[in-house]
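Next up is a structure, given as structure tokens.
Lettered A, B, C and D in written order, each chain numbered from 1.
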Amino acid sequence: MNEYLLKGLLFIFIFYISFVVLAKNNFRFIYWLSVCYSGFGLLCSLSFLLSGQSSQSISFPLGLPTTGAHFKIDALASFFLLIVNLGSFVSSFYGIGYGSHTSEQSRTLPFYIIFLGSMNMVLLAADAFSFLFFWELMSLSSWALVMSSHQHKETAEAGFIYILMASLGTFALLFALSLIAAPSKSYCFDQMGKVSMDGKLASLIFLLALLGAGSKAGLIPLHVWLPKAHPAAPSHVSALMSGVMTKVAVYGFIRIVFELLPSQEKWWSILILIIAGISTVVGVLYALMQHDIKRLLAYHTIENIGIVFIGIGLSMAFKIYGMTAASALAMTAALFHALNHSIFKNLLFLGSGAIQSATDQRDMEKLGGLILNMPHTAFTFLIGSVAISALPPLNGFVSEWLLMQSILQSPQLPSWGMKFLVPSVGAFLALSAALAASCFIKVYGITFLGRPRSMQSTVASETDRWSVLAMYALAFLCIIFGIFPRLVIHLLGPVVRAIAATHYFPLSAKSFFMPLSLVVDQNAYNGFVLVLLLGIFLFFILISVKWLSSNQFRRTPIWDCGYPEKSPDCQYTANSFAQPIRKVFGPFLFATKEKVVCSEPWYPKAAKMIVKLHDQIWEYLYKPVAMAIDRISEKINFLQFLTVRRYLVLVFLTLVSLLGCLAFLL
Amino acid sequence: MNHNLYFDITHMLAGSMLLVSFVLLYQDRMFSLLNVYTVHALVLVAAAAWQGFVQQAPHLYATAVIALVFKAIAIPLTLRWLIVKLAIHREIEKVVGSGISVIAGFFLTALSITVMMKASGGTDPMTREDLSFALAVVLIGLLMMAGRRNAISQVVGFMSMENGLILAAVGAKGMPLVVEISVAFSVLVALIVIGIFLFRIRERFDVVDIRGLEKSGGER
Amino acid sequence: MIKNLVFQCFDAFFLLALSPLVIGIIRKTKARFLLKQGPSLLQPYYDLMKLFRKEVTLPDSASWLFKATPYVVFTFSWLAASLVPTFSTNLLFSKTADLIAIVALLGTARFFLSLAALDAGTSFGGLGSSRESLIASLAEPAMIMIIFTIALVAKSTDLSAISTFMISGQAGLRVSLWLALASLVLVAIAENGRIPVDNPATHLELTMIHEAMILEYSGKYLALLEVASQLKIVLYLSLVAAVFFPFGMSTMGSGISSFFIGLFTYIAKIGLGASMLGFFEILVAKMRLFKIPNFLGAAFMLALLATVLLFVSRSL
Amino acid sequence: MYLKAILLFPLIGILLLSLIRSYRISSFLNTLFSFLSFASSLLLLVKRESAGLFFVVDELNIVFILLTNFVGFTTALFSQHYIAHEIKTGHISAVSLRFYHGMYQSLLFGMNLALCSNNIGLMWVAIEIATLSTVLMVGIYRTAEALEASWKYFILGGVGIALALFGTFLFYISARPAIGEGLSAMAWTNLLSHASNLDTSLLNIAFVFILLGYGTKAGLFPLHAWLPDAHAEGPTPISAVLSGLLLNVALYAILRFKMLLAANPHALQAGPLLMSMGLASVLFAALMLYKRRDIKRLFAYSSIEHMGIIAFAFGIGGALANFAGLLHMSMHSLTKSAIFFAIGYISQIKRTQKIADLSGLTASHPVLGWGLVFGVLAIAGLPPMGVFMSEFLVLSSAFAKAPLLAALLACGLIIAFGALLLKLVQVAFGEPKGTSTVVPSLYLPMLSHFLLILIAGIYIPPHVVEWFKHTSLLLK
């Protein structure tokens, strides 16, 4: 039955792409269409995961000659299909309303369609050519979406860096895949990688895959494009790029490294863990320094991708040392977190989109007090913030808890390096979680709470009902997956079994709801009971407070320790909120320069504080390359302006040297 | 007559042609350059005719005639006429001095000989010698084009290159006529086109000098 | 089953009743060592009563979050505290959340409190919550390393299991446990905003952290927040007790007598801990805000050292 | 007889068109003749003669013949409107118009002759005809720059002529002992069949000369100098034909000679030579792209880059890489000529070729703007266009064979992509700039090319594939 589903998915894809022509300005139609499309994809993936069947594959005489285009749906693909289509379903739904706020529909709609379709197809592709084809198509369409607001200078720059990094990644993947394909003379995933290869070659392939997938997922130091490109797109697209497309990259990495490579080397997992750990902490620190909501969210994507990769790295390490159960646990955590992140990152981006369309402001310093004008957005955004800060009882915490538990498995690892590395990665994880919490205190507190800092945020009004509905749906998922993590664990079952050869949480018919608790060794977390208890306690408190306290209250002007200040500019700003952390981490990470400019006492003016942050990775890794290319092209440019005679000299010298080679070498 | 004599004469002709191209390298006045070029062409004519005689190949006589008419007579005359008409000043501006260019010419000759000697083991020594000289002439012609600033002298260099080619062609036994014709044809066309060019250029610039041509230098 | 339920409920309410007393003890000790009379041990109870009676004044820029927060903070802290085994290891809901989850529950409470501090839109609120979040983020890794050490020793992060293990004495006297204890104490001081990290007794702009956050609160809301912070102190005290000094706790299948023994030993431990905290607080002075990273860094280093030593001793 | 037709129609065209004065008739006839030769080349596909001493049609050159005549036809179609506007604005006089059409046909004639000739001498002649006619067309505007460009082209081309001719002689000489004197020693078919007992070391020298001679035409790196200016200064249809066809023809010639060398076991491996030259061209062109200020010159450099890629592909050798090379060749000529169609109209509309003066075309002229975007993305090798497939094949076969060189090639491609993208964003996006005139324009040729490369990127019919594979095996 899944075969039909797969076929349906493909044919509907083609049918759907063919709507590009209709996508003139009729955005509601297109977004409804996308809703249906991704809804169908959702159905397919769910039915596949639940029915737990073996993989289904079909092939067409398209694409690469003599190889043809192969498509395959298996557990891994279908789980990521779930992530993709969940995200696109909600975003398209949001788009139905959001579309009316955006201009130049014709620049977004066709590419939106292609973007959704190509993401699905990347997951289904089962040969190197179609995989890279749709991979690159995905980058291309998202680039076009980024360029949709093409008048802005920084958009052009963002798009430029984005597409360059994307094609760099594609080349890396192409390199990796052709190295895998070379011995087994076939580009089809089923035949690839079955022949065993020596460690060096495998390591090269691994590094290339890490480069390719990492540059799309935004692992540090390949992240530079991400915080520029994601915010530039329309918000529901940023949501897709940040929440979903990065997961496609994760999929690609897992597919290549765990499936196409016959065996893994020991040091790979160490490399992954180090990079991922750095990404988590540095990503969130970058985010803390940002005051543009969407850019901040983009930086958080880097952090969360880091968390996912920590899980993957752990799983690989355990797998190498034969601890299959622990490997399964780590992989469960990673995939669970991937799903969670796609949910709450979508939610937060949609929220920021709502804010932007209400106030057309992305700078937090100009916002504030929105909780009064936009109650629904505020509430859902709060849920999202709590979830992304990995706080109980929401879903973000569950996956990080699982990750912590799998970190606790590490002492059984025989290698000493791992023994010491993994706990410190755990410390990094904790640090990043805490920093994320403070970052979202900043975001929420400055944006929604306090007093309005600008006219727009004073007069802002709640966004349209489609968007609100979409955000509520995601918030609901955050809560549900927090309370009933088993739902996701159950879906993850076949996937994890496919990758890690076993499944940590025993699957049985009744394990769907009972026991609700996740038990690792003898450590348990039971979201459901926790929420129950919280409810009971809260109820008790409400009753007793009502009973023993005076319920009269009045509104007063703020007290503020005796000297309140009327002007909203005297509130704490995002910048000042981040100041202590900047002071602690800034110097060695951003080489921060802080300067306070005071006016002379006899001529009082407002004092100014200037803060300079340097993105050191950009300055020391990317800038030199750009400079070098520029310098070289400057240097050799004279070759355009030579006289004919000098060109003749060139020809002459070439001829003579070639003849010389013939004379003296051969 | 014995085979040695054939061989010696062929060798002599080819060698003298090489010598003449050295002389070409050495010139620094327009008219003398054209004179020397005429000699060059005449030597070629002789070589072609001799080959025709040796190979009993009548079409080589034709080649000789073509060469005589076009290379030895038509082209030098036209060029003289051009020089007079366009009032090109008679000095040849060189990039590298005669001495150095002559030394370079020696090196090129050595190179071509080494290349050809280690090559063509199968072919008879006669064509091999011929080829090595021809190659040397071609290379020297190229050197001349690369080493002179005036359009005219570059054209002459180009022509001497063509001569070298034909020398190679006539040296090769049984080379079909189609090739010579094509060479003559191409040279003719080349001359015409150059003429057109010089005229057009004359319309716009004062001197026929590539520097004048290239003051705009491509990119704008 | 029933007994565990009874224990659990009793535990919850017992802690609720106990927590103001702990503050009383701390204050009393401090006063005594400063050769003062000091308020009575029950003073905190009176304060709370008074606060509950008083009318609430809400800043006019405050939103629903401002009103909801005290309840949320209180509930989370209370639940967290009552999930820590105090006098008995067999509580009904000990399987609900392990140590990591308990710490995270406190994190949620902090999250909402910091938000509420920003809600009124004052400069002090922001100051408080930003400093609080700095301390929290620095304390988190240390806490995780401590948990890691304990889990390595006891092979679990589930508190009941840990204390059962500790009672059984298989742990022995490990140096890493002592390091972990020291680190835990430092973290606890930072988390609870005691001297030298924060001074709960002052309203001086430069030094305020926790007080700055609850500056706009009054009446019952303030009372709830006060109780919450007291519960937090009790939580950490009983955490130390349950992990490092578990003697006297009533374990599985032990009779009613052991229950009382456990109760009294627990009270004794808490009282001792509180007075030691008070004594410690008069010895040191409040430190500058940007010394705090070093303070917590020390905690982290101790915990890391504990883990490393554990590996080493394991390998021996 | 179809073979005769594809040579005959252009010949008649030359004679007729150089007589006719009226623009309308002549341009129509121009299109008609190119169409006729295209049609006969299609028929050639159905039924072809066996190889004679002078002419041969096999799997290899039929590909090129079809491509050449198709692009020749579409370009003629494009040039109708283009030239109309040039005459209106007085850029081209009536006299030089006759000249233009005649030369166009002679260019087609030369290329067809070169492609289907079975005789190395004849091929040489044909390529010379093609070159000289383009030289004249490049100079047709008679501006200082145009004259300079065509002068450059002529001198360098002439040197190329000489070197190629010398190489041809050497081939003949090396073949003579084995095959015997006369024409038969110049026929491909004989040369190929006797390849193994040709004089090896003479072959090597000959190939060096051929590589340099025809490489000048193909615009490989140290010999590329004429190409950018010739593209930039000539009328745009000529730029399209140059990039799309003439470079291909030159490469085709090199391929033919490479086949001979490959057939001879002792001769030097032409592969490394081609690969290194190709790689050099790619890197050089990629770096040169950044500082370009003239849009036509920009794409001229990109043509150099792609010639480099193709040379690299053939250098790798092996069925897959050769297939890739052929595919890339056809894709490149379709795409690049389409880009030039777009640029032709754009430069007429905006009255400038300076990149700095062009902006926001997607906003002001959607079809041309998006067409340009599509074309550039296609030429940069992004899906779903055909170049992606060919670059995929080139790179993957190269990665398997020579990883290091392939990595260098990939770097070159990325650098070039970056440059093209910078210029593209500048030209196509942002706020529209400058005034624009209304220009009679026909988008059919551009769109048809785009449609073809789009289809090729997604689906290549199996018998086409068969045929390409056959060819690539033939190439070794």
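We adopt the following convention: contacts are C-beta pairs under 8 Å (C-beta built on N, C-alpha and C of every residue); 3 or more make two chains touch, one makes a residue touch a chain.
The structure presented is a predicted model; accordingly, all values stated were derived computationally and were not measured.
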item: Pair joined by the larger number of C-beta contacts - A-C, B-D; value: A-C
item: Most centrally placed chain - per-chain CA mean versus overall CA mean; value: A
item: Interchain centroid distance [CA atoms averaged], subunit A/subunit C, Å; value: 35
item: Geometric centre distance via CA averages, subunit C-subunit B, whole Å; value: 100
item: Interchain centroid distance [CA atoms averaged], subunit B/subunit D, Å; value: 31
item: Centre-of-Cα separation between subunit D and subunit C, whole angstrom; value: 79
item: Junction residues of subunit C, two or more chains touched; value: none
item: Junction residues of subunit D, two or more chains touched; value: 151, 155, 159, 201, 204-205, 228
item: Residue numbers of subunit B (touch at least two other chains); value: 115, 118, 142, 145, 154, 210, 213-214, 218-219
item: Chains grouped in pairs wherever the two touch, ordered by label; value: A-B, A-C, A-D, B-D
item: Subunit A to subunit C touching residues, read off their complex; value: 368-369, 371-372, 382, 386, 389-392, 397, 401, 404-405, 407-408, 411, 416, 419-420, 423-424, 426-431, 433-435, 437-438, 440-442, 444-446, 449-451, 517, 519, 521-526, 529-530, 533-534, 537-538, 541-542, 545, 548-550, 552-561, 564-565, 568, 570-573, 576-581, 583-584
item: Interface residues, subunit A side, partner subunit D - complex; value: 61-66, 128-129, 132-134, 136-137, 140, 147, 150-151, 156, 159-160, 163-164, 167-168, 171, 174-175, 177-179, 181-182, 187, 629-630, 632-634, 636-637, 639-640, 642, 644, 647-648, 650-651, 653-655, 658-659, 662, 666
item: Interface residues, subunit C side, partner subunit A - complex; value: 12, 52-61, 63-65, 71-72, 74-76, 78-79, 93, 95-98, 100-101, 104-105, 107-108, 110-111, 114-115, 117-127, 129-131, 133-134, 136-141, 143-145, 148, 151-152, 155-158, 161, 203, 205, 215-216, 219-220, 223-224, 289-290, 293, 300, 304, 307-308, 311, 314
item: List of subunit B residues in touch with subunit A within their complex; value: 95, 108, 111-112, 114-115, 118, 139, 142-143, 145-146, 148-149, 154, 210-211, 213-214, 217-219
item: Residues of subunit B defined as touching subunit D within the complex; value: 115-116, 118-123, 127, 131, 134-135, 138, 141-142, 145, 154, 158, 161-162, 164-165, 168-169, 172-176, 178-179, 182-183, 185-186, 189-190, 193-194, 197, 200-201, 204, 210, 213-214, 216, 218-220
